[in-house]
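Provided herewith is a single structure, encoded as structure tokens, for subsequent inquiry.
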Amino acid sequence: MKTGFDPRMVRQDFPFFSSREQPYHYLDNAATAQMHAAAFEAMHRHDLENRANVMRGNHRLAERATTAYESARQVVARFINAAHASEIVFTGGTTAAINLVAASLGSQWKPGDEVVVSQAEHHSNLLPWQALQARGIVLRVLPLQVDGCLETEALATLIGPRCKLVAVTHASNVTGAVTDVAAVVAAARQVGAWVLLDGAQRVQHGPLDVQALGCDFYAFSGHKCFGPSGIGVLWGQAAWLDRMPPFLRGGGMVGRVEPDQADWAPAPRRFEAGTPPITQAVGLAAVLEALMQWDWDAVHAHEAALQQLLLQGLQALPGLRLLGPVDGTARLPLASFSLAELHPHDLCQVLDGQGVAVRGGHHCAQPLMAHFGVEASVRASLACYNDRSDVDALLAGLVHAREVLA
Amino acid sequence: MKTGFDPRMVRQDFPFFSSREQPYHYLDNAATAQMHAAAFEAMHRHDLENRANVMRGNHRLAERATTAYESARQVVARFINAAHASEIVFTGGTTAAINLVAASLGSQWKPGDEVVVSQAEHHSNLLPWQALQARGIVLRVLPLQVDGCLETEALATLIGPRCKLVAVTHASNVTGAVTDVAAVVAAARQVGAWVLLDGAQRVQHGPLDVQALGCDFYAFSGHKCFGPSGIGVLWGQAAWLDRMPPFLRGGGMVGRVEPDQADWAPAPRRFEAGTPPITQAVGLAAVLEALMQWDWDAVHAHEAALQQLLLQGLQALPGLRLLGPVDGTARLPLASFSLAELHPHDLCQVLDGQGVAVRGGHHCAQPLMAHFGVEASVRASLACYNDRSDVDALLAGLVHAREVLA
Amino acid sequence: MSDALYQQAIKNLARAAHGAGRLEIPDGSALRDNPLCGDRVRMEITRHDGMISTLGHDTRGCLLCRASASLIGRHAIGQDQAGIQAAQQALEQLLTQPDPPAALPWPELALFVPAHPFPSRHGCVLLPFQTLLAALKDSDDNA
Amino acid sequence: MSDALYQQAIKNLARAAHGAGRLEIPDGSALRDNPLCGDRVRMEITRHDGMISTLGHDTRGCLLCRASASLIGRHAIGQDQAGIQAAQQALEQLLTQPDPPAALPWPELALFVPAHPFPSRHGCVLLPFQTLLAALKDSDDNA
């Protein structure tokens, strides 16, 4: 583990930055973060030297591919402190992971059983649960405080005896607010319900500990933590995964197959039908390995300082409305806002002309936007490799945009 | 389009071969083919220069990523001669594509409705349909001829008035037999049933024409046609896709979302919940572009000649039993076989020691293996870049293996 | 380069909001969303002999979307379905094709040329036209 | 290198098929598949004072799997659950760890050392042991 942190040094690990001719202020990290050099290298090497299908052959390439793929599981397990690598299921992304849990668990629930989500959820942690309504599952939506944080006080009344699962975001992709997981877990445990955390936004900000969090399922995506697209992770407690029916069906997840029936391999293979995203798993693992070398206290200090600059700078702009907590609630270094009557798309367009990449839209969180009474917002999201110049460029760009659009 | 074909030349487009110190005879192409240089390059460049999430932002990287992703759809459409790029849905692979169709269509079928598959199917084109039995859908299994080819004469009686879909492989991953698609389509049309073709094995052998085939759905995987892992394609007739409910749910596939309901984007976006495998789509498109430049008549002549060598050489070995047609039925250049009482795993192991990669096992087609009365077999599968030396090495290796294992 | 998009003329056009408002008893109407940002356009029309005789739109959108709706408000009266389609096709060609259309049915369509390099914005510009075409179809259906 | 795996001693062991056969009235039995190739091992045992007193196995598998089952047939009689577990652990260590175990409960376990570099084959070698442990558990459950 290296100590200390210098964003200029870390940028050297991200080929994106050295490939730019002109400076470009990438502040759309919450959508997709730039890829770490370790993933470029590991994936290239794997496809060059170890490319084969996994778990089904015993020539040397198949051996190496399988070993690489299973080692990737171990790395992921270490990154999130899972008890065992067999608790790691590779999926196509966070969305696929949550769909898996919803379909698998949902098929075992009875009409009248309940799932609790919050109104702050990304569509990917809302729609899979909504779909269960067709089977008589009741969806209960946790209300929000004015600033978009979960109204954890309402948990106790909302989580009733029929509640099977509470599925909430670990950190909001719109407000950045970090969920009070302990409160959620405590309330769920009261009735024996499980807890799924949508970690899509959280993973970019360092290793975590699912056992300490006390949840039952955790989902995230490679492309948001400096890894490749096309891969995600579902972590689940081994005892639960082993009891859950499969979701996707196909090669590799079975025991014995007859024309009209089949039985299933143990988890995690049971949930990985077909050829998995092998190269992408290898790439993701390489990145997570690299991230585990960092001094995360120093990274967090850097991110917190930048966040401070960002929030203060934004709030100093006349007509700017920040969506999200400003009272010291734990939050990721991102900020969603609206500026006077200017439309987010127009703002983003002018900012791009200034070399600043931010995102405008509903951020796949329409119910949360409705809570704020807006259709869309601009979001600037910082990652470890950003520095003060990025925040300055954004703030200057907003001043410029206001002139251009006036 | 270049004319003529020389496997030594084409090997230069596959970095795998130049990275070997010793010759290695890769004959496991039906499991995963080696990756074309165009995919290495396109994916590297994309992740370096155009990396961003798609369809949700308007900064320049998001614009470029979206354009690249949508262009990839167009390339795939050209490769299979789809009527329109909007008929191309990107998935995680063949397995995910077939699961999508099964779940989406299956949710609209009524108990007593029927699906026809064959006994030759890969588990990925069997288990998703099996799962529908829980909803009262009847699975009917087309029997096989002695040599493993579909008993197309039985189609007329097996496809009854309640049949909704016939799902069969375009070419078998065990026998190599190419399905008589015209017969299947004609029989299905008699009762107005749709036809899905599992093209996983077929795509490696050149561009195709789904409109000429006359099917309704076509599924394949990137890793089997010299592209990246982690991506697959579902093609479906536009008119059908537009009527089908979504499968996975999440960001990017919706219109308006409220806490307890949502409506859907049009196809193909409706079927692409969450961040798709963007870089992988770009890589796949680059390969398919390259493949479309080849003189496929010449490639097919090369593959056919090699196949001839392979089949003759194998049949000359005492105690060798070939699984699959030998009567001139159209077949892909692959051969599955057993050799005396030698176990496929032991054979593969010794062959690997001789620098020959083949696969032993049930090839995810247990019902087909049961048809042949075996548990497992050895499979050697040829691709465009193989040549005579690979077949010779395999045949010599088998002779050696017999001695070692005696 | 994106600043060129926001030249004064287009901002003026958006602000003028020609045709903004609701109709009492429309012959046809349509409501369309932009799924990326929640923008929403409502178009209401009355027709006479196939021509649009009155039009009102309610547009929540970005500058480009509002300018496009305003352009419609300025030119649509007196046009039939073919006329609107022609304008829409010219606009689409101007946005997406390398060569601009030979002639522009409505001269201010040229204001959208700077949006050519930004495919993600094409939907914003086209939304009002798609909505109007849907309203025309609705009035046909009602007729 | 993989030819070393198929040295004469291991082939002999496989062919000897020590312990092959079925028991009339087993105290415990188990059936296990190798999902990769459909290999299948059945183990049947009787026990006396916790020790395995008779054993029969029915093994459809590759040479490695058959050699492993035959090894069990040779040594398992008189062993209790702890003894089998110890043999299995030594085997697993020898297959997967960089350092071989300090002592081998059954000397012929050493025949499997050449399988170390081939993880995909470890399942073949271990399957008979896993099946026997399941049969022991079954006899506990029946007791």
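Observations, loosely collected:
Per-chain residue numbering starts at 1, and chain names A, B, C and D are given in the order in which the chains are listed.
Rule of thumb we're sticking to: contacts are C-beta pairs under 8 Å (C-beta built on N, C-alpha and C of every residue); 3 or more make two chains touch, one makes a residue touch a chain.
In this text the structure is predicted, and so the values were computed from the model without any measurement.
Any chain that touches chain A and also touches chain D is listed here: B.
Averaging C-alpha coordinates per chain places the centre of chain A 31 Å away from that of chain B. Taking each chain's centre as the mean of its C-alpha atoms, chain B lies 45 Å from chain C.
Between chain B and chain D the centroid-to-centroid distance comes to 38 Å (mean Cα coordinates, whole Å). Look at where the CA atoms of chain C average out and do the same for chain D: the two points lie 76 Å apart.
Across the assembly, chain B contributes residues 56-58, 62, 254, 256, 345, 349, 352, 360-361, 366 that each touch 2 or more other chains. Looking at chain C, one finds that residues 36, 38, 118, 121 touch two or more other chains.
The chain pairs satisfying the stated touch condition come to A-B, A-C, A-D, B-C, B-D. The touching residues of chain B, when paired with chain C in their complex, are 55-58, 62-63, 66-67, 254-256, 265.
Those residues of chain A that touch chain C in the complex are listed here as 343-346, 349-350, 352-353, 360-362, 366, 369, 375-376, 404-405. Across the complex, chain B is touched by residues 15-16, 19, 26, 28, 31-32, 34-35, 40, 44, 47-49, 51-53, 56-62, 92-96, 98-99, 119, 122-128, 130-131, 133, 139, 141, 221, 223, 228-231, 248-252, 254, 256-262, 273-280, 345, 348-349, 351-352, 356-361, 363-364, 366-367, 370 of chain A. The touching residues of chain D, counted against chain B in their complex, run 1-3, 5-6, 11, 36-40, 60-64, 118, 121, 124. Interface residues of chain D facing chain A in the complex, by the touch rule stated above, are 33, 35-36, 38, 117-121.
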